Structures are given as C-alpha cells and as structure tokens.
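Order of writing sets the chain letters: A, B, C, D and E. Residues in each chain are counted from 1.
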Amino acid sequence: MSLLEVRDLSISFSTSHGLFRAVNGVNLTIERGEIFGLVGETGCGKTVTGLALMGLISSTGRVTASRLSLDGLNLLSTRNWQNVRGRRISMIFQDPAACLNPTFTIGQQLSHVIRYHFHLDSAATHHRAVELLNDVGLSDAAHTLRTYPHQLSGGMQQRVMIALALASGAELLIADEPTTALDVTIQSQILRLLKSLRDKHTLTIILITHDLGVVAHTCDRVAVLYAGSVAETSSTVDLFRNPKHPYTQGLLGAMPRHGTRGKPLLAIEGSLPSGINPSVGCPFAARCPLVMKICRTDNPTLTPTENAHAIACHLY
Amino acid sequence: GKTAAPATQQAVTEAPTAVPAQPAVLTIAYANTFPDIDPSTSFSNDGAVTANIYETLTRYNAPGSKDVLSPQLATSWKASPDGLVWTFHLRDGVKFHDGVPFNSAAVKFSIERTKTLNGGAAWIWGSVNNIETPDDYTVIFRLDYAAPLDLIASSGFAAWMISPSVKDKDGAWFNAGHDAGTGPYMIESYAPGARIILTKFDKYWGGWKAGQFDKVVLEVVEDITVRQQKIESGEADWTLQLPTENLASIGKKPDVKVLINPAFETMVGLFNNKKPPLDNQKVREALSYTFPYDTFIQTSMSGYATQAHGTIPAGMYGSDPSLFQYGLDPDKAKSLLAEAGYPDGGFELTMTYATGDSVEQQAGELWKAELAKLGITLNLQPMAWEAQWDLAKGDPVNAQDIFVMYWWPTYTTPYDFLFNMFHTEETPLFNLGYYFNANFDKLIDDANTLSGSDKAKAETMFQNAAKILVEDAASLFIFDQSSIHIIRSDLKGYVDNPAYSHVVFAYELSR
Amino acid sequence: MKVFTRWFGFRFAPDSIPAHLRRDPLAVVSSLIIMIMILSAIFAPLLTSRAAEGLGEPNPSEKLAPPSAAHIFGADHLGRDLYARVLFGGRTALGMGFLIVFGAVLIGAPLGAIAGYFGGWLDEVIMRVTDVALAFPPLLLAIAIASALGPNLTNAAIAIALTWWPWYTRIVRAQALALRERPFIEAAHVIGVGNFTIIARHILPNVLSPVIVQATLDLGSAILTAAALSFLGLGVQPPTPDWGQMVSTGRIYFPQRWWYVTFPGTAIFIATMAFNLLGDSVQDANK
Amino acid sequence: MALLEVRSLVKHYPVRVGLFSRRQAKAVDDVNLTVNPGETIGIVGESGSGKTTLARCILRMIEPTSGEVIFDGVDLLKLGQSSLRTKRRELAVVYQNPYLSLSPRLAVRDLVSEPLVTHTSLRGDALNDRVVENLEAVGLSADYLNKRSRQLSGGQAQRVAIARALVLRPKLIVLDEPTSALDVSVQAQVLNLLVKLRTELGFTYLFISHNLDVVQHLADRIAVMYLGKVVEVGTTDQVFSQATHPYTMALLAATPEPHPDRKASLVTVQGSVPSLTAPPTGCHYHPRCQWAVERCRHEMPALRLDEDRRAVRCHFPREYFQASKKFE
Amino acid sequence: MLIYLLRRLLLAILVIVSVSVVTFFVARVIPSDPAALYAGQRPTSDQIAAARERLELDQPLYNQYFRFVRDILKGDLGTSYKTKHAILADIKTFLPATLELVIASTLMAIIIGIPVGVLAGAKHGGWLDQTTRILSIAGVSFPTFWLALVLQLFFFGTLHRLFPLSSRISNNVALFNSFPAVTGFYLIDTLLAGNFIAWRDAVWHIILPTLTLATYPISLTLRMTRAAMVETLSEKYITAARAQGLPERDILFRYALKNAIVPTLTVLGLSFAYSLTGAFLVEVIFSWPGLGKYVTDAIFNVDFPVIVAVTLIVTLFFVSINLFVDIIQAFLDPRVVLR
C-alpha cells in the first residue's frame, strides 16, 4: 500500500473577489521511502496542497477530496489533527528564519515538541534534542540548544527546522521549498541531508520546489503542477529524458544553462490564468504553443502512459 | 458577587457595635478640601476646621442678637476715644490643648506669630504697632491708626489664639494634623483631601454637657450629588452647596431642614471706569438697567438670593434696605445710551469671570441676551481667577470691561467692602473698576475711625458712601448671596452665623 | 489620555480601503452615523424651530423642563431646548475634532517625514523632542496650555493638538524610515530625483494612508478629550453649545433631571464610538 | 578606454557586536573591476558576498570607504551633489523585485517618465510619446500607461522597471539580480528582452546574480565574489570550462542542472559563509576549501592576473584546475 | 544588554531633565503673578512684595531653576504657593491613593484584557471577536465622567447602595476602626494592621472608581492583544508550530502571546503613567483624594511648584515604566538588545 494517496484534492478560498480555486482535482500517490518532487511556478498550489495534508488550511479555505489516506488512515474524516500533525506528517517551510519562534531558544522549541509528543523527562528530552541536532549535522549541539534562532545562519536554521520536524517522529516530511532562500552551496548541503535522512530513517519526503534542477538531483518521482492541477507526473529520470506536456517542455526550455548563451530561451509567453474565474478547457491552453481546438473546451484528465508516466494533455 | 455584597455592607455598618459605648458623632460634609489649617495663615474654607479648635478674643454674633459682639477669650474690652489704644481683659482658667495656660503672653505670641508669618489675613492686624502685657490677663494694643480692633479680634481668620509652645513650628507641622488651640475640639486624625476627625477636649473651659458631640467628622465630599445623597440618608448631619433647584423638594422631607439666611457676601460686576465707553457714567447707568436681576436670581439661584442694595450685603452692620436698586428697564437704558451718544449700542464689552463658576457664567449668558437687544455685544471670557485678576491689575485700558466677582468681609465691617473695592489706590489691588472719588474716600476713612467709638454715626456715614457708589453706577450690584445650609432635623442648637461663613460650631450642637 | 489606539502597527495597504469597508457592516453603520452627524451639524438650523436657543439664547421660563413634545430632550438650566443644543453642539464637537486632528497632523507629519527621511542628527533631535513631549502627561499638559492661553474653542484645540502631534511624528517617521530603505526610493535617487521631490512624490503618498487611519481613530479620541476639557470648563465657552460643557453643567442636576446629562453624554458617546468604529475598520482594511 | 573602472574599492560598515565593541564589516574589500563599453560583465557570489554593496558604491548610493570609481573618465566619488545628479542620467539600475523598486502609488506613465522629467525638458505629448515608445521597446503597449505596478504581473512589472532604466539611454545599466524574484518562464522572457535590448541599443550591463546559469547566459565576462573580495575574473567560457578558484568550482558543482544524468560533482563546500566582521585569517575561503594547506591559513593570496587576462585570488590556482579536470 | 540599559537610562535622564526645564520655564510663562498667589487669597500689596522677595522671583530665571534643581536633589520638592504645604508631604498623601486606583485598574486590564484578547485574536472574525470588538470600542468611547455617573446611578440608585459612592473608606471605619497609614495604600495598610473590617471597607470603596477607570485600559488591552495576536498568529512560525503538532493552547498562550505581548505592555505602561494624572475626573466624581485632583487644582490655581513637582513625578513614572517595559521586551525578545 502506498503511504499517501490523494484523489481529486481541491482547495478553494473565499476571497473578496469571489471563490478562488487554488487546487483543482490533484491526484498523488506517494510510496514509502521515496522523495517525491512537487514542482511548479508561483501560485500553482504547491504549498496549499502540503498544508491541506496537515489540516492547516485557514478558515477561509475549503478542502475537498474523494480520498485522502495516510497509511490507511482516512485524513478526510480526521477530527483530531493533533494525532496527525507532527506524529505522522511534519512540514518545513521555505523561510527558516520566519518559521522559528524568535523568542525561544532552539533548545526550548525542540524540547516543547519532544516533550509534548513523547512525554519524556527533562534529561531524556535533552538527550533526544542533542541526538536530533547531531542527526541534522549540527555538531555543537549543546551550544546550539542555548542559542536563539537569529543567532544562527540560514543553513543552520533550516537544519534546526528539519530537526524540529523530525522531533515528533513523523514518517512523512513535507519540505516546502526548503532551499529556495539559501545559497547554492548550502542548498546542496541541505538536499544531501534530506537524502541521507531518507536513507537512514526511512523517511518519506515530499519536496516542494520550483527549481527543476533541484528535482533532477534529489527526487525519485515528480509531479509538475500547473494552475492547481497536475500536468505531468512520472519518475524523475523519465520526466527529464522525455518531457511530454508542453508546459514541462516549456519549463525545461526556459532554463538558461551551459550552452544557451547567445540563443534565445524558450519563454512561455503570457501568465497564469486567474483562479477566480478559470476558463473552461485546459488551463494551459492560452499559453500553449501546440494548442488545439479541443484544448479550449475540454479539460484533459491525467492519463497514464507507459512507465508510470501520466500526462494531462489532449496530445496524448 | 451579589451575595457577598450585603454581608460586607453589614459588617461595615455593624462596626460601631464593636465599641462599647457609642460616642456621639457629628458629620459635616464640605464641598472643598481644607488647604491650610495653620491658624495664623488659614484663609479659606479651612475656617470650618480652625473655628472648632481655636478661639478668638471676641465673637461676632449672628444677626438679630442684642449685641454685635460677645466675649470669648476676652471678657471685656475698651477703646480710647481716638481709637488708637485698645485694652482687652482675658478669661481666667483657660488652658490650651497641650496644657499650657492661656494668658496675655499667649495673645501677644499669637498675634505676633500671625503678623510675622504675614500670610492669609494677617493684614487685619496692620494697624497694631505694639502689644503690651501689663499682667497675665490684660493686653494693651497700641495702634498706628484707628481701627475697630474688637471687630478685628472676632475675625474668622488670623485672629485665633495659639499656644506659645508651638513657637518653632511651621505651617507644615500644623498641616500634618497638629493643633494648638483652646477650643472645644482637638484633631484626632487627618486624611488630607478626605476628612478631619475631631475629638472633644475634655478640659475645655466651657465645660461639657450631656448630648454634646464627642467626635466631629469634617468630610470632604466634592460631588454635589453625593453630598445630597449623604444628607438625605443621614450619613451627614450638615452640608452645603446643593443644587438650588433641588432645595424645595429636599426641604419637604421630614428628616432634613434647609436653612436660608443672609450671607455677608455680594456679587458685583465691576465696571472699568477708566475705559471707554464705561468711563461714561450714563453708559454705566444704562448698563445697570439692562441686567435681568429677577430672572437671574430666579433662574440661577432658584430665588435663593436677593437683589443687592448697593455693595454692603443685607443684614450686615452698615447695610441699607432702602438704598436705590436699578431694575431691568430696557427703555430707560436705551434713552440713557442715546444720551451718551450710543443710540443703537454698537459697542462690544468683555466680561471676565472665574473659570468653572456656573453662577457667574449664567449671569453672563442671561445678560448677554439682554444686551444683544440693545445692540451691545457682550463677550464672555472665563479665566482662572489669578489670570483674571492679573489682567484687571494691568493697564486699565487693556483690562476687561466688566470684572464679575464676589466679595465677603474678612472681619465684619462695611469698610472692608467700600475700601477694598472702591477706595482710591496708587496701584489698585481690588479696586479693579478703577473708581476714584476723593469725597467718597474721605467719607469712609472717617467713618472707619469713628466706628471704634461711635458705631451709630459711623453706620450712617457708611450708608451715605454706599449711596454715592449707586448714584455713580460705579459697578453692577447684582445680588446678595443667601447662606444655604442643609441639616438633619434632629440637630439641635444650630444657628447660622454669616460672620463665620460655612462654619459649624459643633460645641453648640446636640442631637 | 486617549491616545493609545495608535500603537497598532501599520502595513502598506494592498487593496483599496473603501472596498474593504463596504463589506464591513459596522463600518457602513458608523459611516452612516458620521454622515448623519455631519449633515445635521451643517443643517442644524433647519432641523429645529429653536435655533436661537440652540445657539445660546436663554429661555428662563422653561428652566429644566423635562422631555416633552415641546422639548423632546427636555430643557437645560437656562430653559434652552436640549435637542437644539445637542444638535448645534455637534458643530462644536465635529469642528473641534477635525481641528485637533488636523492641527496634530500638521505639526507632527512634516516633522516625522523630515526625521525619517533625512535621519542623522536631525532625526535624533526631533525624536528626542517627541520623547520629551510624550513624557508630559497629556491631559495635564492640555489643561495647563488651555488654562494658560485662556479657555476657548481654538485654544482647547491647540492644547490638545500640542499633546498629540508626537504620535503622528512617530507614525510618519517610522513609515518614512522604512520607505527610505525601500528600493523604489533608491531607484529614484539613482535617477537623480531631488530630495524634496522624493518626499513629495514617493514618500508622502505612501505615508498618507496610515496617517488617515490614525486620524480617523483619533477623531473619536479628539471629541472625547475636547469634551473632557470642556467638562473642566477649559473648552468651548457658553453660550456656544458643547456636549462636554453640557454634561458638566448638567451633572449637578443628576439624577433627578437625568435628561440634562443623558442626551449630550450619549451624543459624545455615539460620535466617539462612530469614529472609533470607522477607524478600527479602516485599520483592519489597511492591514 | 574602459567605460567603468573600479579601483581598490573598499566599503566597511560599522557593526555593533557584543557589549562595547564595534567592528567593521568589510562588505567590499579592495575590489578592482573594468567594464568596457558594450560588454556585459556578470558578478556572481553567494548571499552577503558584497555584490549589491559593490553596485551601490558604483552608483554612489552609499559612500565607499575608499577607492575610485572612474566612470566615463571622471571619478564619481569626487563629484559634488549637483554634478553627480547630472551624471546620473548616464547610469541606470534595475532591481531584483520590481514591486519593491517601483513606487506603488505611481502609474506606469509616471514611473517611466520620471527620469525624463528629471533630466530633460520634455513635457506633454512629446513626453508621452517617448514613454510609449520605450514601453513598446520592452514589449508593453500603451494600454499599460495608467496601471500601477501592483496591477501588473511580475514579468510586466520588471519590464516597466527596465523601460524606466533605458529611457534616457544610459551608458551603463546595473542589473542587480533582475530575475531572481521571477519564475523560470518569466525569467526567460526578461533575459530574452535584455539580450534583445543589448543588441538593438548597444547597452553595457553590469549584471549581478547569484545564479551562475543566468550569468553565463548573459555575460561576456564574469567576476566571482567571495566575502567582499573578487576571487576570480575571466570570460564566461574561461570561468565555466576552466574554473581556477576552488570556490568557483564549488559554485559550479553545487548549481543543479535540470538533468538527472549529470552526476553530483565531488567538489563540495563545507560549512557556511563566515561572518564578515570576523573573516577567517589568510585566504577567506580556506575553512571551506577541501584543498587548503597551511599557507592558505596565514596568507591572503593576491589577485593574480595571468596571460589571458584572467585573474584569480588563490595560491595554487593551476593545481586545482588540474585536479578538478581529473574529477570531471 | 548592559550598553542597551545604559543607553536607555541615559535617554530617560535626558527626558526627565528636559521635562523639568520645559515645565519650569513654561510655568513661568503662564500669565499670572506667583507672588500674589503666594501672598494668599486677598493679599495686600506689601504681602505680595514680601512674597516676591521670599520666593526670590526677582532673581533671573536660570538662577531660580538651579535653585529648584538643587532643592530637588536634596529631596525637597518645594512648597505649594497656594496652600504652603510641603509638596513632598502632599504627594506622599495623594500619590498612594491614585496609585492604588491605577494599579487596581491596570491589574483588571491585565486579568481581563489579555486572555480575552488572546481568545478573540485566536478566532478572529468569530463571535467572541465581534462581541469584544464592539464592547471594547465602546469602552474606549465612553466619556469617563459620563461612565462614572452612569455607574453611580446604577450601583447606588438601581442596585440600592451596593457600593459606596465616594471616598476611600467610610466615616465609621475612620472613626472606630482606624488603622495607621504606613504605605498610604489602604488595601495594604489595613492588612498590615490586621484590620479586616477596614480592609473590606476599603475594597468596597475602590470597586466603582476602579471599574470606571479600568474600562479604558481593559478595552485597550483587549484590542491591542487581539490585534497583536492576529498579526502574530499569521506568522510563519505559528504555522510551523502547528505543523509540529503542538496543542493550540500552547500555541496561543506560550508561542504567540510571548511575541504578541510587547505592544500591549507598552500601551499598558503608557496608560498607567498617564492615568496618574488622567484619573482626576474619576477622582473628582468619587471624592478620591488623589494626585490628579491635586494637580488639576494646582493648575487652576496656577500653583507652579505643585505643577512642576507633579509633572516631574509623573515623568519619572513614565520613563521608569517605559524603561521597565523595554527591559521586559528585551527579556522577552532576544533580538531587541542587539539593536
């Protein structure tokens, strides 16, 4: 059985301008122990998808799905999210500086979480905290426990965030752009750390990012999100070797890389459709270079092809 | 909680039962605090406190008594014919609260302390050059100029006899709640701004009778509504300054009595005699005919006041009930204005009054409406008293046109009114209408000298002087204040004495 | 004393404030009340047959008449119709309110902009002065100023404005300080735009909205403070109608003649409440 | 002759640390740089390496501690306020986040016309025409004239910012991470636009980015900065194919390419960027360098210029070049 | 931390000195003659002249100021012109009365305002938020004097003398259950004396004035806390804490409140300092012999030494409270000190 199964997940927000559809019928299946990439441009619904899995969508939002199950546990009927959050699923965010409470020391924050979830005495709590910090590669744990978040560098802050996420013993970690705010050199360290945690602790990770480069080097499987729905999903290798959806192709073509100098990049013209009054048909139709008549009227469904590769496009 | 409330209330009211024999308590609710209870310098409503603790040589009697004065710490006194030497014989066997005997040395000490400190009403002793103490019970005063020392000695301020034992003590010592008097009561406790509790002085020379009060609470209750509540509920035995509109209904209650008596206090609107157009007598007369005396007294005072006959208040020595009164007469005013060259008014006047004084303010508001009918604009300018006074003392040309104020005597003599407000002065202190009239000056000076020896003749002269002021329309003579006190009906022996305004002599009372 | 509401932080307004307000029922109600108050103050003479009394002409025969058909709010101690008095009193209250806030903004805002934008010693000096100004007990200062200048409408307004300006200095300075660091200001600099053009074109428009929010909130407090001064006899002088003054005079007739304090007291409350509600909504919308 | 020549530029920020002491944060430390007319020079480096500070010093938005900035033959740092203002029409800048660098209350028309109004006497229709003309140059139509920046998408807003920068046809445009805040698809639009404008109008760009891929796409030459110092300068090809400084090599290795086949490089960087106020002794990079030896710990290497105008600040550049070759 | 404290202290002293200078000189500018005031109610010219000499008013202003400062440093706040009382003694009487009231109302604000504010902020837009929004805005819109009257009428009139209307203790207690004034705080003095009858009486007397005075700070605290909570709860670290599975109670009262409390404390501190003189309307209406009434009377009497002294005292409170709040802030938020 897959660890996480998401079927027809839709998330909408009531806003002053009307109902905003952030996510429209997303399907995901995540296997135990894999690193699953969720890529897409700003506003395509990556973060809210993650939040929805933890029941953290704000009160103005509405989450619907036909199935939302975590290792057999039906999250849709969950009353007590307290047993899911932290214990089963944890989440870390893009901006570690903003995600650590500035007024408590790292030690205090870690021990709150450990003590709440495991009811340990203070010595055991401390011991566990040190262990966690060592796990995430912070060697001088005793000192780190006594510092306040602002006294740490961005990379260290993100490591602490990861430690906090692991402290509650979750099996699924949702990492929402954990490296976007960091330098490339630090980014590679953090990504390495995530991989090693997956290997050592059989952690399952959903890695949310907008950087295809990160996906290419870190993830086992990937889903490309466009305007709140999955455009294409497959194994990472397959996606990069053989991108099928015009949007995925566009994204790859838009990335400058060695050898693109002097040549124009393949820019996807236009911008994201509005989530408030989405047009009928394929959300990408307005920007698609290969648009057909049917694209403007029918919204394609995610259709599996060979190699567990699925594409939501009328071309396939 | 609701249930706890009555219990506690009960506990509080039950408290007295804890004391074996319940002492008799008199509770007096005043509207103001007692700023200064040093008997030498006190010059405010703190007289209410000092009058129960200290005593004077003579005592001014309430109106209607046989004599103007009666003996207090002095048993008899005499003036020389020229009024320059006064001899007082003192009461024997009087002791101060601290046990020091009262004698001539104490008199000399008291008056000299007062003169030295030179605060408050100390100036009443201004004429005294020298005090001699030929024996323990005789004091001789030698004066620089004639003055009615017997009246002065009865003053409610600066004339208290103080124990010589306090010669090193200053005002702060007194204001910390100490006293040094011969009077029937002593200070038991003092919570500034809240209350003074007096307790009886067992060795008081007058002795004690059953029914007299053991304790007196002088409470400060600034809120007018609360004062009314207190007197109605019996929490206070005596109070003052309730809304005049309520007096009629309060008076109907069986437990409470409303006492209305003349007060030696008058309200005037000093015309600036030095500044056009009020330098013109016709204009001043005209204005005197524009004030709505009756309406004002009815509206603002609910009728508890009387229109003034000149400046000397009704009921006082020197007052003249037959003296001419201006009335509201717009036609007469109009023709007088025409004579003065202002047929249609057309000028503006500024009237200042003390900030927050609602009676003065209403006088202005009502008058303003009348003056408007004659084409005169009255600007109402409330000012802090000190600032108002400063403005008036400055150059008369820039001063206000009309300065509304009250006057009451420090010791009861018409000279106090006539001199202070109308006598020529180099730099006027209270003659702020800048009224200068040499004949008037001479008349009142002579009357003052004479008043020590021939009170009757002096009184006629004072009355004539008051008449001159009315004829000259030197000022707007508005009303004589009534003294309105509200007491519990079961209080016996209470007599209102305007010479000591708002003072309750607790010793005279019983329940 | 009523100055603390200004501690809420401000952010740049992402959306149009009016749109937000339209969706907030309380904002709609309070705006309506304010409109009604402003209109009835302007058209007061048309809304009562006793305009003269409203402006101060005594009518002694009706002294303290209870509410009735002739005097729906009763009459005051000089027999004037309280309804007319309260109606005309609205002119004073609103006038005072606007005068105070306007005065405070006029003093405070430019100082804040200068301090925040130029920084350095100028900032230091201005901020130390506001520190000192804030350290004075405000009502005490207002009382002192009003009693020194002599009690009347303008002086009371000046007195209160003089105790309020530092708040605007702080708000505007904080904004200007933040704005100064913003890339768009630097961008203007690089282009070579002069300091005062930058203040006028780029700083002031962005500072305006928090100032307006604050001013709306302060209008309520201004009316309240002005009423407190009048209550002490330091505000507007009779016969000019003024709510605080009416409550102050009417207090001695309370509770037997309850109407005298009740109507003007309620008027103060409603006016203050309306502005506070509106200010609160504007503030919410500004977040 | 060079259009811009930066000589020994130093910028120290005073920073309060701990109780009583103040230290200097050497944000830009002895930087030398030459920009020739028509060329695009790219500056890369990690966060805090002093890229922005360098740009601001060149534009004289902040006063450098010392050094010279010779622009078009004059030292900008010696100019008085008014001549500086005049000189500024030849310089322009585009920032990272267009929403932050465009006045939120001004319409596109006012934004783009501001430089013209400041420096020319153009007004009225002529002004309007010029604004429209420039908007069209960046691919926007006259429809946008009355919009405010918030009403634009990120790409559109950045185009407005670029229009504003080029409207006076400056000699040098400084681009401080102009695409970092944008999505890849939009970034591609903006990069294409920059290339197009450069070809059509012959601009000189000083292009700052922390993304090596973006820099190589645009720049002719690249300067790599680390902790306030330039550690390597060379043409784009040189830097990419033969990086000589270990830090450059590490950067290249850490930059993830969107291709799953490329194996992760063995060149890694440990630790994070040290504090500017207490930089490491010797070579600033030594604590993170896998090849550091004793000498690196004591001696700060000089920026050495080699035969083909490459410069590198390393004691053993060639050796590591060889070494890195081996790892490929 | 130390340097931060030193700097704050220095600024505080600067403020106090400036305030003393400004009040001192402004007081002299008010058009009025202090000598005449000093000389008494109806002084003679020579009494005024004597007073002028005594008060050394003929000396240059700066001399007067230095004398004033010297006296203060000696612990002598001077003498009232009007009453001739030693001002220090007066303040010892009136300050505790006011402090008792202000502390009581501040405590009420803390006890009611903060928790309710937290809950309202936690569910902002909910019924509690909407209700408290209207109530607290009403609370800051009540004219104090009107509120006092309404409370008096309600509790005394309608509820039949539930609470006394004026003064700090009843006459009966003053007469028969008196207690020594040690601190000047009756609630404490009565306890020190072990006199529970008096203590209950004092409690009973302080309730109405406290309620009147507290309405504003309660509302303010509530609004401030709520606003800060709404803001803090939208911070990412709160979402992160939720994602870690921490219980809501901990998140609200531990994680969020610690970050949200500072503006509330600042405002509460200000409100406290300003109430020391601002409470005078309440003091007048409830015949509460406090500092506000004392200084207001002094202003009406243009009694400079009192005005100057009280302003200084209040300023002292103001800066100390500010300092205190700043220290708490530094204590709560470790980032502050570094600024």
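Convention: contacts are C-beta pairs under 8 Å (C-beta built on N, C-alpha and C of every residue); 3 or more make two chains touch, one makes a residue touch a chain.
These numbers were taken from a predicted model, which means no experiment stands behind them.
Contacts with chain A and chain C are shared by D, E. Centroid distances built from C-alpha atoms place D farthest away from chain E. Between C-D and B-E, more C-beta contact pairs are found at B-E.
Rounded to a whole number, the gap between the C-alpha centres of chain A and chain E is 53 angstrom. One finds 88 Å separating the Cα centroids of chain A and chain B.
Between the CA-based centres of chain D and chain E the separation comes to 56 Å, rounded to the whole angstrom.
If you average the CA atoms of chain B and of chain C, the two centres end up 43 Å from each other. Residue positions 225, 355-356, 384, 387 of chain B are each in touch with at least two other chains.
Among the residues of chain C, those in touch with two or more other chains are 147, 232, 251, 254-255. By the touch rule above, chain E contacts chain C in their complex via residues 11, 14-16, 18-19, 22-23, 26, 29-31, 133-134, 137-138, 140-146, 149, 153, 157, 216, 220, 223-224, 227, 231, 263, 266-267, 270-271, 273-278, 280-281, 295-296, 299-300, 302, 307, 310-311, 314-315, 318-319.
In the complex of the two chains, the chain D residues touching chain C come out as 56, 59, 61, 84-86, 88-89, 91-93, 95-97, 100-106, 110, 114-115, 118-119, 150, 161, 164.
Chain D makes touch with chain A in their complex at residues 46-47, 153-155, 183-189, 191-192, 195, 210-214, 216-218, 236, 240, 250-251, 253-262, 264, 268-269, 272-273, 288.
Residues 51, 54, 56, 59, 82, 84-87, 90-93, 95, 98-104, 112-113, 116-117, 148, 150, 161, 164-165, 167-168 of chain A are the ones that touch chain E when the two sit in their complex. On chain B, the positions that touch chain C within their shared complex are 224-225, 243, 245-246, 249, 295, 298-300, 355-356, 358, 361-362, 364-366, 368-369, 380-384, 387.
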